[in-house]
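Both complexes below contain subunit A, partnered by subunit B and then by subunit C.
Coming up: the complex of A and B.
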């Protein structure tokens, strides 16, 4: 509890005025809010389904529960900003292909149908025009790589929730390593 | 005349507006501090997830202000702090993760002890209540330990500066001094080093007195009382999610207790990297005590282990001796038989079956 912050009168007035003014803006809080930084809610639902396909849940949480979507979303708004366009285009192409083939969204497909769909992507065998120039193959590889990074990387980057992969691999994390201790 | 009339009106109007603003603000402030968090703090998107976890925690009955204070609880300091939250919100300058800085964390700790006085008293009586000055201005430490970045992992995990910015010189030649002396009296292992308030849990409740014998069966296992604050990631890790120590005595794997709370202790009282028993600050029970938890003997807050023997041992042991008076470090600090790993064979030179 320190009161030693140097707050000038001018700065205080500025803060008070902005703060009080901002109360009026609180009305905007009633508007729908997305917890995602880059993804739309619909894209995040699709990403969750894909993440679970890439890292299926078993006795350990899968890609969705371990926060892979959050990891990718966080990186796309940061260091991976260069992949934003590919994700927007790729996720739309997946939903369009699913609508064309099954009249359903990807996340509404049965588990085996989802797997088969992604296997086609991985093999570069998607026929739709939106997948030309082997975009199916490269986009699948991109999501797979990012999912792995999210699952196995440090939780500080947004994935690997509750150190799930570290615990699964029985890694000592946080590291158990002693201090230099002198003998008294 | 006109000017006089206008200025007279202004004299009345300005104070009236100010009074109205003040009344409006007071009403808003009173409402904000008395309404349910779901209608106030939780309506703020940035902290929505934290509030949602609080609703599932043992502290679910508490209002946010009980721990975090109000905009007026600490003068300009808190007014500035809370004001900045509103400003950042209005500017849509959302923090990815909201973290408390060390001073804010210590303010919260002041509020923890309003209710947890007994725990605080025990903490104060134990080794974990050390302050920065106790660790870093200790003459023996200064001439024996080589400082490195990892010291703060267990001694000052909430420090916002690195060891290089905290202390000088970084060697064992001269006495260390703080670069900023304000840290000297701050605790290095505060409540939140081992506890996380925003985590799932449940409050204890009275048993059903119509059927008191059912009390045991109605209790849920609640091991999530401890979390370790991992400085590296600036996040808490639940005790049960911490790794279990794998320890070796030579080639032999040592049996280590499954008690999740012990995993918190091990994070700092740890063996050296190769995990050989007895190295660095390892005190994992071995010998006659192998497999038991630190918490079987030590109080988690005071670390006191006095009167712990009687919890398990008969007054007179199988050796026909009072265990508290045996030649161990429990009775005598100078004893060669460390209570953490004393074995039967330390005293009984003729081995009998089962004494290995």
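Coming up: the complex of A and C.
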């Protein structure tokens, strides 16, 4: 049995354990009351800013207004429970890097500064130690993918509020089943 | 309470198992049909892109679930990790009554003559286990016909000059094309190709008491709200149940094949829905759990008679795992080509299935099923932004201007792409899980490049102003929904697991009837071939049984 196997097994135990209420283990008890299932209020503010960068508001609402943060929060307390640790670590690393570079929080940066920051993450060019082993790249890819799911997926999961993306793409919604297809 | 002994136990109510259940119970045999999943219908998940059987990021709508199931995936570099059913590396099909046939695209292909004779046609390939099937297309032809008529297929094989010979046409007229497919049809003619309407296990007109398809956007990956798709769950399984001879036991997972003190197979052990371990005795056991789970079950059934697992005397169980590579191309059009007339995939060409210069095998090409919003958010030409303002604009501008052409490339089988059982990781019931390793053969790259180029050429001719493509080869185990090959049929027990009737060589009363049997996997989606094999094996068992053969 090699080390990889052992690692895998550890991950399995972790998966099994996180299935059973690890949300409580991981959330920070000292934080003030949060209306979120997983995020702290501060994390949610950061998430909103990132969501708008990934899907910016234009003639149509952006990631924040469409509920991307709510979508991800909901999934992290459900099927995405396995990504909790990555989010906690990644969001903290973003704020720490912003602090060292700008003495500001990410959401306080100018729009273009935010974009440039995320582009560095995407390209795997973050220098701080917390981003080692390409964590910048993988974490950005994860948030990006989850944001797209929140914006373009079914509203049933907490994002795509008011069917915003379906309306933007000119798709009928709720999906009409049948009636519009039968010739009378 | 003790379970009454029955004539036959079938493990898995999917494509193969559902058909066998019907054949045996109609012939008067008593049958217990086990299914680990539930009986699922449209209402359980409706049209949710993120929780379907195609895009599974939030889970599989038709099972298995992430809570109780695990597999181990070994990467080519030797590292391994535990995977969940909702993750691609799990190589899932489905787990419910009907399995993948509830949510499939319903493409209803017959393999071509060459697909049964790959070694004779292409010769030996270094590093490959390429081989001829022990049966020919002619042997299977009557059973393809049975599958087409009993389940229901629409098509126009007479328009496909490469289609293998048939005695009867498909029972329903072909599907008409939407805007995108019409453009591609004309382009194919201009290129000298031979386009035709894809055969579908889906009603183009009312058939067998089920209505015609009404062309929804969401089809592949979703159960049909009106049962216009023909799966085993709404055709052969209900027929089996109506005979009164077949009992369907859902949410029951079979854990082992029982071998008695004389070395004979006497039934199976399973866990019921409350996780109670139980026994079901039977004269005959038939495994239809799909290529990965059938192999796992054989390998998990160790005894002093079968120390390496049943049927595994020569180390062939779990070997030759195959799926399909999916070379694909996208085309961007100037005008909108999307008219929301679903499900989308309807035009194909078989010009590239065989006899391509320098290529072993090949595959057919077709237009893809309708891409949904999240799916399209990941489709961008090389160099395009993957997020931000431009990405959103591209999505809005081009959602209705993108077409996709792709097809399943017939993998060259190799001994090292395989299933084992993991020495340590267990599932919820304590059963050792499947361990997947290996990857596709090097030859595949050449074939996929060839097909991707043809796909791009087709899109360009149809008017695409920009095209781009990918090989669709995964860097690791590639089996997934089209998994096959792990219990190869053959005449020589040293190089195969079952005989040409699906009977495991070393045991008289144990059969396999699912994709595991495929020697090679064709350049086509496999379901109709699996069903045809099910009819052939089912008919064989029932006929022998009624002649008094007890398979002892």
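The definition used in the following text is that the second predicted complex is superposed on the first by the 143 of 184 C-alpha atoms of A that agree within 3 Å, B and C clash if a C-alpha of one lies under 4 Å from a C-alpha of the other, contacts with A are read in each partner's own complex, and residues count from 1 in each chain.
Just so we're on the same page, a residue touches a chain if its C-beta (ideal position, glycine included) is under 8 Å from a C-beta of that chain, and two chains touch if they have at least 3 such contacts.
Computed from a predicted structure; not experimentally measured.
Trainee: Considering only the touch criterion stated at the top, classify A:115 as touching first (subunit B), second (subunit C), both, or neither.
Mentor: second
Trainee: Is A:103 touching the first partner subunit B, the second partner subunit C, both, or neither of them?
Mentor: After superposition on chain A, A:103 lies in contact with neither partner.
Trainee: Identify the partner contact of A:171: answer first if only subunit B is touched, second if only subunit C is, both if each is, neither if none is.
Mentor: both
Trainee: Looking at A:74, would you say it contacts subunit B, subunit C, both, or neither? Reply first, second, both or neither.
Mentor: The answer is first: A:74 touches subunit B but not subunit C.
Trainee: For A:54, is the partner it touches subunit B (first), subunit C (second), both, or none of the two (neither)?
Mentor: second
Trainee: When the two structures are overlaid on chain A, which partner does A:152 contact: first (subunit B), second (subunit C), both, or neither?
Mentor: Only subunit C; A:152 stays clear of subunit B.
Trainee: Which subunit A residues come up in both lists, the one for subunit B and the one for subunit C?
Mentor: In the superposed arrangement, which is not itself an observed complex, subunit A uses residues 1-2, 5, 7, 12, 15, 19, 154, 156, 166, 170-172, 177-178, 181-182 for both subunit B and subunit C.
Trainee: Considering only the defined contacts, which subunit C positions touch subunit A in the complex?
Mentor: Where subunit C meets subunit A, its residues are 46-51, 57-59, 66-67, 70, 72, 78-82, 84, 86, 214-218, 225-226, 340, 372-374, 376-378, 386-389, 391-393, 395-396, 399-400, 423-425.
Trainee: Going by the contact rule set out above, which residues of subunit B touch subunit A in the complex?
Mentor: 21, 25, 28, 43-45, 48-49, 74-77, 80, 83-84, 86-87, 89-90, 96, 103, 106-107, 110, 140, 144-146, 150-151, 154, 228, 230, 232-235, 237-238, 241-243, 245-246, 266-273, 275, 279-282
Trainee: Enumerate the contact residues on subunit A facing subunit B in the complex.
Mentor: 1-3, 5, 7, 12, 15-16, 18-23, 25, 29, 33, 35, 37, 74, 154-156, 162-163, 166-167, 170-174, 176-182, 184
Trainee: Using the touch rule from the top, collect the residues of subunit A that touch subunit C in their complex.
Mentor: Interface residues on subunit A, with respect to subunit C: 1-2, 4-5, 7-9, 11-12, 15, 19, 53-56, 58, 60, 75, 78-79, 82, 115, 118, 122, 144, 147-149, 151-154, 156-157, 165-166, 168-172, 175, 177-178, 181-182.
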